[in-house]
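Alright, structures below, take your time with them.
In the two complexes below, chain A is the common chain; its partner is chain B in one and chain C in the other.
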Partner chain A sequence: MSTRVPDTSIYFAVTEGIRAEANRLLSAGEVTAIVGYTTGRRTGSSQPIIVTDADDTARLCFSVTSVNNLAVYLTKAKKEIPKNGKIGIVVKGCDLKALVGLMGESQLKREELYLIGVPCVGVLASTVQPSTELTAETIAPKCRECDAHLPSGCDFLPDVALPPLPQLDGKYTAEIARLEALTPAERWVYWKEQFAKCIKCYACRQVCPFCFCEQCLCDRNKPQMVDTTPRPSGNTAWHIVRAMHLAGRCAGCAECERVCPMDIPLNLLNRKMAKELKELFDYEAGLEVNDKGPLTMFTEKDDQSFIK
Partner chain B sequence: MNHTTQHSFEPKIIAFVCTWCTYAGADLAGTSRMQYPANVRVLKFPCTGRIDPVFILKAFQQGADGVLVSGCHPGDCHYIAGNFHARRRFAAFRKLLEFIGVDLNRLQFSWVSAAEGGKWVEVVTDLTEKVRAMGPMVEFKELALEEQWSGVIDTPELKEAYNAI
Partner chain C sequence: MSRIGVFICHCGENISRTVDVERVAAEIGKHPGVAFSTDYKYMCSDPGQTLLKKAIQEQKLTHVVVAACSPRMHEKTFRKAVEAAGLNPFLCEMANIREHCSWVHENMEEATVKAIDIVGMMVERVKKNRVLPTITVPVTKRALVIGGGIAGIQAALDIADCGHEVILVEREPSIGGHMAQLSETFPTLDCSQCIMTPKMVDVANHPKIKLYTHSEIELVEGYIGNFQVTIKKKARSVDEDKCTGCGVCMTKCPQKKIPNKFDQNIGMRTAIYVPFPQAVPNTPVIDRDNCTWFKTGKCSVCQKVCGPGAVDFEQQDCLVVEAVGAIVVATGFDLYSIAEKPKGSPIKGYGEFGHGKIPDVIDGMTFERLASASGPTGGKILRPSDGKEPKQIVFIQCIGSRAREKGISYCSKVCCMYTAKHTMLYHHKVHDGQAYVFFMDARTPGKSYDEFWRRSIEEEEAVYIRGMVSRLYQKGDKIVVMGSDIAVGVQVEIEADMVVLATAIQPQKGADTLAQKLGISYDKYHFYSEAHAKLRPVECATAGIYLAGACQGPKDIPETVSQASAAAAKVMTLFSRDKLEREPIVARVREAGCVGCFACKKVCAYGAVEEKEIRDRQGNLIKVVAYVNPGVCAGCGTCQATCPSKCVELDGYTDEQIIAMIEAL
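Entry: the complex of A and B
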């Protein structure tokens, strides 16, 4: 494994670029609000911020702790954001995939957004302190397998060249391969243990840009399809339903896994489904705006070898 | 004769079928006086496209040992494309269940038209015998019986902490 450190020095220039562009946009009235990151209270940490005043744009920043997928603020919590005008949003490559998916599902309109892209070399894993340096050991697992360091199709991209990036081996790929090599009974034991940890806090649902249903199937009790108590039976059902509903839509921002207080490897399920849909239907989420996902369209030649 | 042979395992099979083809096919099997295992419980849906994967989960949780999903052949859907959508959905759902660790031999998909009473008998018999040989589906039932913390309340760490109070 390479231990070379991803070079994060570009983030200073990125921060300057975001601030300047945000200032210009808000001063000129091109957007009503900018969704971005600001420094948090703990040293090195950052948190989401919504800036509506040009004077506040100096508070914007981008660092190795700018982990959040801000796309979620444009779906569920969008009522908090001024609606009368364009909204600027700071996006990493992985977040852009979520926005692209949401545009395809008619949740957002491209013309109502001003995308401020971020050339990203990686962010910190959620398991380390925010003041930690970004290394091959502390980088978020999703960044190890990132193929979108430079978001494409943004309205603005800071004029910063990406440094050469170290090649890191994919943890999700390796873990999926490990589980696939097990017998079904062994996999059941593994997932049973993982799901037993779940406390049904639904943080994974709340943070997911794609879980925007006004009423979740799992909250309904007539009929009650999924047991709501945090017991193994309902937990298993919830995580299966969640993975199924995100299949073909999730592009792997891994926010579910980051917010999970019980450290359940949620993105593993999502990545597995993404892999299967790529193999079955040659579909990859988040690459372009499509009105139909792999599970809402079909071809007459689809595989049916499993059907009698 | 001892009690174990008297109460030998009879698999419970839940069949989710579409009303236009497979239900009519099953009806044909019945009116034609064809014999097939009484283990199958048929649930009628408008279309295979209406069958949510969560129904299959629910069936397993409620004690099904095997699940059959059956509808019209591709191109014959009463609603033009419901079974095409179902085909994709279940192709993905199978992979998910497999990854979670469910034995896919308990889950059967089939196309049975209104004229295929014989095929319905064959599909139901095959699945019933396959599941009978596999024995009861215990995984989901065990989950339902388990309390959240019952398995870990006896760990040495917890006991030590408890004794230290």
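Entry: the complex of A and C
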């Protein structure tokens, strides 16, 4: 097997594992619902599903199109899930980071969740058809730089060994390096072009597990913080608000970028913020449940050279 | 409908020199909502305040804007005046057209336009101010004093004598600080030990003073009247309750050659030690870095000889939490080291003086230990290198001080006086010796100070040479001092037996770290900043924290004692009331929008944010939201800035008000 192509053959065994565990959990009444993936209408596609009946667990699956970060169903979209009792959720390594972050922000409690981990070699990019085979060309950019193929600390992990993983060069890393080499004026031109495309559909906000505010400040009109129409000033304000609110929190599930109908490289901004956080505070989001992130606390080790 | 009154102050000429105040008054009179607008020479004066009160009543004003100096200066004054006229004081705001405008601009036209903008913004802000009721909070009538030098001792005794409990925390194993190290004190030459040690004993015996020595401040939480302080008691390895202070352990300890910091490292001590015989408490401490038991696991002689069994090798550092209402910071000073070049600091050291490598070049404090009857030489002036009596001694003033190129531009204030004292002490002990002093100026303001300095020259035969020293070097057993006498205009070369440097006073090491724990401000040298250089010299800008002694700037003993007593008086003023009135400028949570992420709780430096459950009529939990305890909130606004969904608002600074201000521009 060439190491240029991720080996997805384990996903059959993973699917079997998820189904069996989900069946056991629902039959035993250990959880009231399971958030997972099921096959979609188009060939090869999959979509989120909430299973509450043990008989329906055969509908669960995991494949190269199981891209969604299901964490979002536990915060904003949680109204669709029965309130009482423990909830099972299928998590990839990248999604687990979001759950960990949400626990640190008092949105989820570990004891109220049953984590069904997924050994993952990668999922498809949103730009290719769901029936496409997973290759170094079709893999989602975030998977190229993945460091969490095997989620840790889950309640259940299918007994499947990870195959050897291909070494792929990081597209975000390269793009950040390219932008960092530009002058501030050139960078500004780049981002102005990107933000000009925005149609203010807020899909990025809706899909983000961390955008859990009951009322987004961008939707408020007393006072009006951000211009609501898709014009340059309001667009820029929105994207700056989004990037800043995610700094130190976003762990890079890249859902914002996947759902953006205008192909704005949103995760690029998030990754750049994450890089800054790493360099300034040696902090990575989503690795452990932290009561305080680097931006909500002060330590004597913090860089203070900017104080003259 | 708002009827806003705007009062523009000339501040004598401070504002009217660069701002056309009549024009500002006229322009702002046209601003929507402004019913009355006028200017006056001194708004804060009695006639100025009367004018304001009269206008409120006659014009039926609903809100007031006073355009004058910084609110830190006179906000209280004007809010009081507004209250006296029958309005809620929090319907009055100040527009700062002095510090923010007239003082920083020269062009009258531009400054006037800016002043109109500043006042217009405040008019828009005050329109949305709410009537706020005053908040009262209880006061814990116990004080914390940090530092057990003369400043801390004086403050602690004064507060305790008034009947309030005091927690005195000292980093070293004994209280006493630098004053306990001194031999004699200017300008009366009384023995430092004789006047200091009785005070130390008073502290130890005072029923209202709880002493923590060998302890440091770990954490400070809370606010004026209600601080919680975590103190780290470092392991002493000796049980303070059992120890009788007999000192047998010290005589038996085999490690006898450890330089004693108290004796400026020229005297030696044992590994189990008290820093000096008059130490308070007279309980030894084991220096674990130098103790044979802690290094090799063998020895334990002290434990074997200790009658009451007080030596405890297993003792650990422990944390104690104390609740106090006020804090006096009296952490004192440290001396500039000519050798040291701390990383990241502007301090440069003295290469031309051998960077501290010449053994008989000592600093003033070391000379104090040599001259002290309880010092390592028993009060004889002897050279550290060979123990000979120096017959020619050179004192050099302003080492580090007033030397911008060395990183310090201030005057250390005490060196002129103590060098004069040193020449006298030297003359009293070495009758055939000659003292020379290199000086820039002699600064002797203070009662009997100049007379004291004159005496050192006229009666004690010290030779004062006006000029600085360019180089010091060792030549045989002599130190060659090369300097200039600018009064005569010649180069001077003296072959000295010993050189004493009057090194600059600096804040204690770690002063910045402590300030960060306390939340008080400090200057570029890490001296703590007072709230107002002239009118509030012992208070910090942080309410409930007061300063005493050299931690705030170089000071001599009388001045330090005065400041310590002043700080104590401030603490007693605070403790004279059972309840404290607090500004009601506090944050409020809009519970409907709060998602309970508690980012506000995490950033709150005062622990004011609590979790609150929202339940429906059946008692089912709907959600948990943040709640700001108004008694604890200090109104800093950090929660407001942090809240991602903008559901925390600070009264007087709501987003609506800030945006209204921006839009008024």
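Here is the rule we use: the second predicted complex is superposed on the first by the 301 of 308 C-alpha atoms of A that agree within 3 Å, B and C clash if a C-alpha of one lies under 4 Å from a C-alpha of the other, contacts with A are read in each partner's own complex, and residues count from 1 in each chain.
Following the convention adopted for this analysis, a residue touches a chain if its C-beta (ideal position, glycine included) is under 8 Å from a C-beta of that chain, and two chains touch if they have at least 3 such contacts.
Keep in mind that this is a model prediction, so the values were computed, not measured.
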item: Combined model on chain A where chain B meets chain C, clash or fit; value: clash
item: Contacts of A:226 with chain B and chain C, given as first, second, both or neither; value: first
item: Touched partner set for A:292, first chain B, second chain C, both or neither; value: second
item: Chain B versus chain C as contact partner of A:300, first or second or both or neither; value: both
item: If touched residues of chain A are counted for chain B and for chain C, the larger one; value: B
item: Partner chain(s) touched by A:217 [first = chain B, second = chain C, both, neither]; value: both
item: Against chain B, colliding segment of chain C, chosen among 45-53, 99-107 or 189-197; value: 99-107
item: Residues of chain A that lie at the interface with chain B and also at the interface with chain C; value: 217, 225, 296-298, 300
item: Chain B residues within the chain A interface of the complex; value: 52-55, 57-58, 61, 74-75, 81, 84-85, 87-104, 108-111, 123, 126, 139-140, 143-144, 146-148, 151
item: Residues of chain A defined as touching chain B within the complex; value: 179-180, 184-192, 196, 217, 225-227, 230-233, 236-237, 240-241, 243-244, 247-248, 269, 272-273, 276-277, 280-281, 294-300, 302-304, 306-308
item: For the chain A and chain C complex, residues of the former touching the latter; value: 105-107, 212-217, 220, 222-225, 245, 291-293, 296-298, 300
item: Chain C - residues contacting chain A, complex; value: 513, 516, 592-599, 602-603, 624, 642, 644-646, 655-656, 659-660
